Amino acid sequence: MIMLWAVFLPVLAGVLVLALKDMEGNRRVLTAAFTAVLTAEAALVILAVMRGGSVTLWRLTDTITLGFRIDRMGGLFAVLTSVIWLLAGIHSTAYMKHEHDERRFYGFYLIVVGVLSGLDFSADLITMYVFYEMMTLTSLPLVLHELTKEAVFAGLKYLFYSVAGAFLALFGIFFLANICGDLQFAAGGILTPEMAAGKEGILLFAVFAMIVGFGTKAGMFPLHGWLPAAHPVAPAPASAVLSGVITKAGVIAVIRVVYYVVGPAVIRGTWVQTVWMVLTLLTVFMGSVLAYREKVMKKRFAYSTVSQVSYVLFGLSLLQPAAFVGAISHVIFHSVIKDALFLFAGAVIVGTGWTRVEQLRGLGRIMPLTLAFYTLAALALIGIPPASGFVSKWYLAAGALASGTGVFSVAGPVVLLISALLTAGYLLPITIQGYFPGQDFDGREIEERNLAGKEPEPAMLIPIGILALASLLLGCFPGPILRLAQAIAETVF
Amino acid sequence: MSFVQNFPFFSIIIAMFSGIVSSVISGKKARNLSLAAIAVTTCMSAAVLAFTWRTGESYTYMMGHFPAPWGNEIRAGVLEGLVALMFGVVMFISVMGGLDHTEKDVEPGKLNLFYIMIDLMLSSLLALVYTNDLFTAYVFVEINTIAGCGLIMIRQWGRSLSAAIRYMVMSSLGSGLFLIGLSLLYDVTGQLLMIPAKEAVAQIAASDTYVIPMLVILAVISVGLAIKSGLYPFHYWIPDTYAYATPTASAILSGLVSKGYIFLLIKILYRVMSPEHLMEGYTLDVLYWFGIAGMMMGSIHAIQEKDTGRMIAYSSVAQIGYIYMGIGLGTLGGTTAAIFHIFSHGATKALLFISAVGLYEASGGERDYLSLRGAGYRNPLAAIGFTVGAMSMVGFPMLSGFISKLLFATSAFENTGKLLPTLIALAVSTTLNAVYFLRLVISLYRPERKKVGGVRRDSWNLRLAVVCFILLNLVLGLFSQPIVRAIGQGLEMFD
Amino acid sequence: MYDLLMAVSVLLPILSGFLLLILNGPIKRGKHEREMEIGVEALVLVNSFLAAVLIAGTGGHSGNLVLFRLYGELTVMFRLDRMGSVFAGLVSFLWPLATLYAFEYMKHESRKPMFFAFYTMTYGVTMGVALAGNLVTMYLFYEMLTFVTLPLVLYPMTKEAARASRQYLYYSIGGAAFAFIGLVCVLSFSAIGTTEFTAGGMLNPDLAGQRKNLLLLVYVLAFFGFGVKAAIFPFHDWLPKASVAPTPVTALLHAVAVVKSGAFAVLRFTYFIYGTSFLRGTWAQWVVMGAALVTITFGSTMAAKEIHLKRRLAYSTVSNLSYILFGATVMTPWGLTAALIHMVAHAFMKICAFFCAGAVMHQTEKTYIHELNGLGRKMPVTFACFTVSGLSLMGIPLFAGFISKWNLAEAALSCGADAAAAGNPGAFMPYLGVGVILYSALMTGIYMMTVSVRAFFPSLVPGGAEEAAGKETGGKEPEATDPNWMMLVPLVTFVIVIIGIGLHSEPLMRILTLIGGEAG
Amino acid sequence: MFTHLMLNIEETVSMILFGIGFTTLLLHPNLIKKIIGMNIMDTAVYLFLAAKGYIAGRMVPIMSDGIQDASAYINPVPSGLVLTGIVVSVSTTALMLSLTIRLYERYGSLNLDRILILVKEEGKT
């Protein structure tokens, strides 16, 4: 029952917010209710995950039932989602002061978290697909929010890519449903060789279609094009959750397909695995390079997401326990870090209106503390020990070396390393130029606008702080997370 | 010998004599006489039909008690009775429907001339239907030609005259070929009556001599009659002829005249020629393919045509193609279908011509189909008549056209080699028919571009004729079974 | 008793339509429009009630009612079986609602009696298609349908309308002409001597076996012939053009009654005349399946390109109709079931979408998609309905469209697996078909969602041309609002049905599976 | 071959004449010549028939000198046909001539092609 509340409470609350036009004028009540619901949601999710269990929602047809079942994997993602959502939500109460249509934003923001919980709790592939589509549609207004021409185009791009990906995946679902009958998740997969007898070729194609299809949400090449367009145009808190959490919905979908339905054994050593690895490595590399060359701050972060989420996918594609642990932990770490980065960007935009990287010179004079948090997160993302990114990358690299995938077991770590260098290259200059603007920096603008020392308000700063510190602490004490990931890995392999 | 058996002869004579009498009486009286003659002969044909239907066999009627080969015979069976009945009915309605227009179009003093032509036409058609003698057939073919020409040229405008002369030229060519064919046949067989001629031909075929002369005869006769009935590519006299005559004449010419020749051809093919000659000589194949070409080309010409009358006339070319296609199938079913189509097309085409006249009237005499816009509101009945005709032409079920299409198609299954071409030709031709007929129908119901002046309500008899033709169409479409059975029975009696 | 009811439910609307045509003059003069509307609505309701009684009473097994004999074995005969019940039920459910909508939509038009006369007649004719007990009857009503709907297409009387109606006629008649070939051929090879629909086919196996290729060729011809009404490529062009007609016509006739009759005829012809066992695995199956797939691809791509709202929806119909045809060409029991569920689902989705477009045209006279910016705020209910129908068309779960796509895809995959197991060279086609369906779903997303996004989230470009224009005239124009109840009731009903089928399709599916089971 | 033709000289000539007449009727633009062509064509057929009916050394089939025996006379049927044919041909010729006169009065030309052009022009105005 609690898990139902965890899914439907935010959805209902969101609909209510959208429906109640009177709340437009009453910010205080609105934000209070908003925060309260988010907090309740986080609590509910944690409670539900602790309780576990399963529930059947609805019989869609005589063969398709919709249902929830909480396992460790879903629970992990759900908790992560709801906590990050809460933090970004708090940030947004401050950020959205400066935006129009606040109520609409809150409404959809709430709905999406409910939908995401549903996605994480899904007991079978079809339920997950239902929530996956819902997520696309309900998160669309967040992308569109600014309603500039650019935002609308980006929104449509987001929609079309997502839908295209979903339908690609749907092909696989159709096929799997046809040969398996029932698509309940089970660790290690439900597909037996007899089911696919005679149809191996199409089975592999279907699995590949699903990986690419769900990989769309995770920004995997070749369907990554929407991500750099859509994330930056959204309001910063929305960008944060889009980048930090919603991309992970693609990841969990891929995990569910590969490790819970098809089973890693089926694709190990096939062309699917090879192509998948190639695609992820390509994405990792390409994302970093593009991020390095990008001048707009949010876009740079978005490209960074492209690259980083593909670390996770690469880890998954190795089909190896250690890499799997690395991937799972990187999911968590990247969510935390990327949220911190985007929230930082939001704080900067609200505080200064600056959006391009070269404008950020001297930022240390304005918001030194915020910039410090940023630096912390950046270091974690690059993977400097003992920050969190290091742990996950270590496991990824170790897994790759142990995976026995021939050239990829070496190429993988190399690409990761190059990417890490590039990450340093595109993140650290902000810190450096922020604190050390150099001799030629006149700083007149800061003077004129009286910006010096103006840290963002607490509602913004605190979430950034929490996330940044978390990115450090999780790296220092990764034990619980790693244990959990290992436990999951043991079940799926 | 039953009294009824005299009726075929009587009906020919009545029609002819009313023509002769008409030459000395006034136009009005001639008109009444003509109508009466048509009515009486129609009733007689019905009686003949009933009689032969009951007895179940045909009979020959010797004129003046001269036996073959000198005598002159009439033969009547179910089929002859039926065809004569249909011709009579269509003719009566056409004449009745066009009464007013005839009086308008024809010079006052010459009205009786027109009705003389009608009477002659009737008598020659009946004679073509009933005769059992080839040379008599030739004579009546010529009478028919002359009467037809007279009907065309009675309307004194340039187009009618030029149409008439073209008609005459083509008809003369056809008659000439037909005549030389007869002469050759006579030369080879020494017979002019159909039944002995058939025996002689069968003997010749059995002895395997005179192969080439027989083929020539068959070809010459077929081509001669094909020219006269306007089979593609001998069709080019048709559009002007049909389109520019007075309504009655148009309806009769398009509905009946060419059908008389076709019926004669069918008779010659089945009652004189031996099956061996038909099959070996590819004559039927030639007719078949020309028929199909006619179906296509007639429709294509019709699509290019803007003048409504000419459009309908070109459609006749296509429909005659249907009939020849049916004959060319060379099966009993094909011939049945062809004969049924003679009826169906007679009823439909006459309906189209008559109702088209109503539409011209409502559009200030304009004949261009674009000028007929809105005529459907100004003259609803004529437009409904035209629509029904058009629907019949495209084979709408419950109307006569559907049944003939159906018969053609089912009969194609009897001839495997021609099955697919027939089916596809039917489908394509239907589509083409739809293009030009329904284009016009749509045009009828669109609002007019400018106010049409000089709208004249048409007379009651035109309307009555339209209604009658619609009913005739429905009857042929809904109660075709007995008619088709009668045709089949009649064809069996041929042998 | 029920047998007679069949004739009544077909003839009542047709005769009333004629009556209305005859009364045209008095109504125009006497201005008894209200009375006419009430009369028409009452009549349609009564007829729908009769249809409901008929379907419920017979449970999908009525006797044969021979009306008259056209020629020989060709009788005009009604018989209601389960599949007919589905179509009849669909039509009789939609008609009263659409009529209600039409009254409001046509409020300001002239020549109303004529419009409603033909509108009502079409009801009867469509029922005739549904109730037809043999191929001849079906052919008869199929042809009739062309002629009674023609005046409705022609209704605006513009040049465009005339052109559209001409094209509609040519295509339909041409299609019927080719279908006629099928009719004749079936008559010659029938095992029972008539063309009566028989679940599982009625060809004489011995005779048919001898002329297999001929029969297959004829099947392909007839498929395209009947398929013309279902807008199969390359005979689809009439459908987008015909969207010049008033929206109630486009919505009900060109998204449901007429085009579904075409699809229905194809289903009948495939499953009840030829029988799938004769066709399965032959070249004919792959040819027609290929045609359906090309149409799906083409239709949805063109829809995405089109900028006129109604034409876009019409192209969408083109593609969706071929989903049904694709289901038909799968030629398994499941294929038939899937085709039927898509027939039902698409009927509701598309009529809903068209009615929304019509509501927009009615309230604002806007017809192009780029004009719709921001209208979602002013007409929220309308656009919400539109969005639901769009999502359903895309095949998002929880909406009706998902159920039908699911079944189509599963049926196709099973078919492909069977064909592959049999070593058939065409086995890749069903798999390709699933891919094509998904491609089309994506295109559906593109062409439906852009409209919704535009309507609800107009881009607020400062100084954008349209925005500026809107502001200039904004003061003078009456503010656009949702239409009144006569339009909203149908819309909301459709949305409820779409979601209802999406959530709880089991009862419906059970019936359809039964149909598939007996006919496949 | 040639001897065959020479032996059947009447048939040969009649066929040649028929061809001439047919061609003239079909192709010659002048109406009068068309009519002449038609007459030649008909005459050719009569010649053919007469030749067929003729039996060398016999009498015209008109009872004369009281000879009752049929074998004394030639076949009467072709003669009858020829007579009938001539009647028909005369009437057709008369009709065509009258038509020609009408057309000449109206268009001042005997050339059918020209007349047709004139008719078309007349139709336009």
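As written, the chain order gives the labels A, B, C and D, with residue 1 at the start of each chain.
Basically, a residue touches a chain if its C-beta (ideal position, glycine included) is under 8 Å from a C-beta of that chain, and two chains touch if they have at least 3 such contacts.
Quick caveat: nothing in here was measured; it's all calculated off a predicted structure.
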| item | value |
| --- | --- |
| Fewest touching-chain hops separating chain A from chain B | 2 |
| Relative to chain D, chain with the most remote C-alpha centre | A |
| Closest chain to global C-alpha mean, per-chain Cα centroids | C |
| Chain centre separation (chain B, chain C; CA means) in Å | 44 |
| Euclidean distance of C-alpha centroids - chain C vs chain D, Å | 67 |
| Computed distance of Cα centres, chain D from chain A, in Å | 103 |
| Distance from the mean Cα position of chain D to that of chain B, given in whole angstrom | 27 |
| Touch-based graph of the chains, sorted into line, ring, star, complete or other | line |
| All touching chain pairs, where touch follows the definition stated at the start | A-C, B-C, B-D |
| Touching residues on chain A, where the partner in the complex is chain C | 58-62, 64, 126, 129-130, 133, 137, 140-141, 144, 147-149, 151-152, 155-156, 159-160, 163-164, 167-168, 170-171, 174-175, 177-178, 198-199, 202 |
| Complex contacts: residues of chain B adjacent to chain C | 391, 394-398, 402-403, 405-406, 409-410, 412-413, 419-420, 423-424, 426-428, 430-431, 433-435, 438-439, 442-443, 445-447, 477-478, 480-481, 484 |
| Parts of chain B lying in touch with chain D, wherever the complex brings them together | 69-70, 135, 138-139, 142-143, 145-146, 149-150, 153, 158-159, 161-162, 164-166, 168-169, 172-173, 175-177, 179-180, 183, 186-187, 192 |
| Of all residues in chain C, those that touch chain B in their complex | 68-72, 74, 136, 139-140, 143-144, 147, 150-151, 154, 157, 162, 165-166, 169-170, 173-174, 176-178, 180-181, 184-185, 187-188, 214, 217-218, 221, 225 |
| Chain A partner contacts - residues on chain C that touch it in the complex | 391, 394-398, 403, 406, 409-410, 413-414, 417, 420-421, 431, 434-435, 438-439, 441-442, 445-446, 449-450, 453, 457-461, 464, 502-503, 505-506, 509-510 |
